[in-house]
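Per-chain residue numbering starts at 1, and chain names A, B, C and D are given in the order in which the chains are listed.
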Amino acid sequence: MNADSPWIELRDIHYTYLRGTPLEAAALRGVSLEVRAGETVAVIGPTGSGKSTLLQHLNGLLRPQQGQALVLGEDLGNSAVDVREIRRRVGLVFQQPEDQLFERYAGDDVAFGPRNYGLPLDAVRERVREAMESVGLPFEAYKDRLTMTLSGGERRRLALAGVLALEPQMLVLDEPTAGLDPMGRRSLLQYLRVWQDEAERAIVLTTHNMDDVALLADRIYVLVDGRVVRVGPPRQIFGDPGFLLEHGLGLPSATQVVQALAGRGCSVPVDLLTLEEVADAVERLAYERV
Amino acid sequence: MTTETAVPSTPVRKIVVSGVLGAVAIFLGWSHLGFIPWIAGAALTIMHVPVIIGAVLEGPWVGTAIGLIFGLFSLLQAVIAPTGPVDVWFQNPVISVLPRLFIGVFAWLTYKAARRISVPWILFMAGVNVGIIAAFTFSLGQSNAAAALFLAGIGLGGVAALTYSALKMEREPLALVLAALVGTLTNTVLVLSAIGLFGHLPWAGLPAIAIANGLPEAVLASILTVAVVVAWKQIETGTRKSSL
Amino acid sequence: MSASEFDLLRSVTLGQYLPTGSVLHRLDPRVKLLAGLLLLVAVTATSSLAGLALALALVVGGFVVARVPLRYALSGIKPMVPFLALLALLQIVAIPQNDLNTTLLWRWAFVTLTVRDLVAAALLFLKFAVLMWGFSLLSFTTTTTELTHGTEHLLRPLQRIGLPAHEFALMVNIAFRFVPLLATEAERLMKAQASRGADFGGGRRLNFVQRMRKQLPLLVPLILSSLRRAEDLILAMEARCYTGGRGRTHLIHLHAERRDYLALAGILVVLALTVAAGFLSADAVIWRAIASIRTS
Amino acid sequence: MPEPLIRTHNLEHVYPAGGGVPALRGVNLTVRRGEYVAIIGANGSGKSTLARHLNALLLPTEGDVWVNGWNTRDAARVRDIRQTVGMVFQDPDNQIVATVVEEDVAFGPENLGVPDDELPARVRWALETVGLSAQAKRPPHLLSAGQKQRLAIASALAMKPQCLVLDEATAMLDPVGKAELLLTVRGLHRSGTTVLAVTHTMSEAVEADRVVVLSEGGVVADGTPADVFRDEETLQSIGVDVPIISHLARMVAQRIPDFPSDVLTVQAFADAVCHRLGGQG
């Protein structure tokens, strides 16, 4: 895997659940996707479009039934690949991860990953300390707390720490901010941004919150019925709101305002993404008229 | 997330907890997650753990109800989706259903009694167990000395380990371990006796199976029961700290 | 290698209900439950091959009427054939039947094989098969919901003598309601832990401790989450004024029609014959009839 | 002045396992028939605890709660109270009892002893109201999360409540599910049902015509959405976000002095902009 080849390359992936039985359900129908070092890629699509199925191909939880999955230079198609090593370097966090905590004490749960990879105790402690601090759960204060007594937001950050403790190169997040209250959502996004800027790392995430996408994503894949129907930077994807609404997808708040303004004849550039840009555009409009 | 500790056991609570833990027992059986392969192709089951947990948390009625669901399901599974020779015997409700009704009651009784356990009581129980093993070894020794000595060794080792840990552990986890042990042995002993009653297996062979299968299942059940109940009732135990 | 090791959970479809919409599907669930019980009693009580053949015909006929593909319906027994053969062999060796007036077929050292042994083996196999296919037919044609409704209605008269029929039916209903939830939950747990290095593939022989270390981190959160779900459900049921069975009315009423009584009567007759065949030693009569034809 | 539908007086609640920290500290709240009230606050502010006092799932440690004139401490009235105040919870899966959609809807009325011959019509009406008539015979675990929540509403509606409490009912739904649910709730409110929405989603709070803000077990604000969301600083200090649009309106107001900053919805904002530009042009 030379320097500039992408960390993840999916080529024409097909996946069907319970293939060959009366309950057969096609989840992916020829999906190709690419993730490069340092990038944040968002996968958006209505419920049931195959987002979660796609994510599970990135760390070998699901092996491609058809097509090729190249992750960090390994072809996940052939079973000889050490998939546990791939899963260490590509950390996947599921939806509502706080439901998957099982150790009684917070520190032990974060240590589950490093212990599975046979690290000695002091290396495990160091990894757990670093991971917990990086999600705003001070090691000394939280390591001996009963997991069940932590708040929902804290338990979700603990679950993220459990994956960060493996020091992954990439993070794959399935709806990271779903169900969090505004404060929890803001702090989680903050930790993700800090984590990504620390070193050359990549993030792949699915979400229904388009403001998160506008904030974080470098590139967006739009998935509908198991097929990629659009791919591009946020400004280009959100520049065509009609297409997204047509597929039951939401829009970032800024885009919603732009659309409402356009509908009333006050034309502002269509690819505005953040509230600041909208506010400045409205300001320009106001003073142009003078 | 705070769970009220002293929660009145209303009829709704009894029905729902029985139903949900009954679903766990069914699911463990159906998905075979409840079977752990053991030596010589036999499999240890932990499908009785939800029965013990239900009894400890919500009392004997809930334990019996979950036991009934567990029994009916294992009967149904033996008839519709059999996997091994044992299933032929489990088609008989007296073997698959009746014994399972008692797991919850005995587990609950042990749990209630064990909470008032004291050191002299532990030593007394240890003495009783040693006596039972001695008598058993003596009787089995007539026909097969080697097997008797071997089984006696295991038995004594078990009692010693149990007594030591009983003296060391706190009250609550100890009560849970004993409840799980008694619950599992109830299941093993009653099921095997029913099998013996119907002559599927010679009586002489049953004690060996009971120990070979029952003891590891009891160990598994107690680990699982303690882990779940202590976490659910947020009981601080042991070092009260993570292992880091 | 397409099937991932986690797919086992998704294939845990509860029961094998096949909605072919046949008349058997539309029968009153109480009739089907009673038929199941009668079959259990008849199969255990009879000792006659002829009787069992009759019951087998009834069950296979049921598959045809229910439009269930025969090969699929009968395939369930395949994994058991070796074990049944083993058990039959054990029975022949362990419980010799050479005392009565039976013709000796074969002898080797202390093992004797007589006609009666063969009959005993055939009985064992047929009893197992009829019972299995009978209850499979029941699960093909009846949903779990209908089963719980049928049970509740059957037990309702016993409610007056204190048997909690309503509570039992509601409990079983909740259990069936939660099994699919636990299946998806367990799958997510396995995948979450696999994503942190847990190895569920278990290709190589995991020893007991390793396997337990794999299974425990899965079972603890699974049971804890079912207890959490129970707390929510209790609140939801109390919020909807549930205070036990007294005074509750019912949306679902089972109405037995003529065809239900006919079906039950038919099943009763056939199974009565199955049991009767045993007492009338029908096998001997048939055996002699065949023998006489052969010699004449 | 007619008796309010719901009234709390110095309502206090301390969870036995809560270590003595009161989850509610003296809440005085009245809700009249036909109102649409949103109850917002950060996690741990006591929102759900308050909601569960309104149908006697929880009883006050101190103070009282009256529903339709009945005190929730009066055990004889609990059934009437819970019939008057229906509730929908956060997790779609954990509030469905039956294994068939229509039987779950019938569960409540069956408990109330609604005569057998009236049940089918009532179930059909409830499913019709939430748009799930086609799913009547299906098992719930095959529904989407949004459909399951609408089923939960139908199951509450079937008891003909005067008031519906939504305890963070949209938290686990995707945008399409959220929009459908809010549409259903708006329809119910228009046809006379009092609605109490406990939420931390601002798009849901803006739907209401009155917003009550809770912080650490006490009511810190109670007024129309526009009034409540004007004061962004104090709200943010207690961990409550203002709707994105009022945040945007405030940013524009800093750039264009007399721009109305109490705007709450996308449409209202666009109207304000065009009005501001049109007026000047």
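Note that contacts are C-beta pairs under 8 Å (C-beta built on N, C-alpha and C of every residue); 3 or more make two chains touch, one makes a residue touch a chain.
Worth saying up front: this structure is predicted, and the values here are computed from it rather than measured.
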Other chains in touch with both chain B and chain D: A, C
Two chains joined by the most C-beta pairs in contact, as defined above: B-C
Chain B and chain C, separation of their C-alpha mean positions in angstrom: 26
Cα-centroid distance, chain A relative to chain D, in whole angstrom: 30
CA centroid of chain A to CA centroid of chain B, Å: 44
Of all residues in chain C, the ones touching two or more other chains: 170, 173-174, 176-177, 181, 218, 220, 224, 229, 233, 237-238, 242-243
Of all residues in chain A, the ones touching two or more other chains: 103, 148, 152
Junction residues of chain B, two or more chains touched: 1-3, 227, 231-232, 234
Interfacial residue positions of chain B with respect to chain C in the complex: 1, 3, 10-13, 15-24, 26-28, 30-33, 36-38, 46, 49-50, 53, 57, 65, 69, 76, 79-85, 87-88, 91-92, 216, 220, 223-224, 227-228, 231-232
Contacting residues of chain C [partner chain A, same complex]: 1-4, 6-7, 10-11, 13, 185, 188-189, 191-199, 217-218, 220-221, 224-225
Partner chain B, residues of chain C touching it in the complex: 8-9, 12, 14, 16, 44, 76, 79-80, 83-84, 86-87, 128, 131-132, 135-136, 139, 167-168, 170-179, 181-183, 186, 208, 211-212, 215-216, 218-220, 222-224, 226-231, 233-234, 237-238, 242-244
In the complex with chain D, residue positions of chain A that touch it: 46-48, 151-153, 178-179, 181-184, 208, 211, 248-250, 253, 256-257, 260-261, 263-266, 275-276, 278-280, 282-283, 285-286, 289-290
Chain C contact footprint on chain A (complex, rising order): 17-19, 21, 23, 56, 59, 61-63, 65, 79, 84, 87-88, 91-95, 97, 99-103, 112-113, 116-117, 148, 162-163, 166
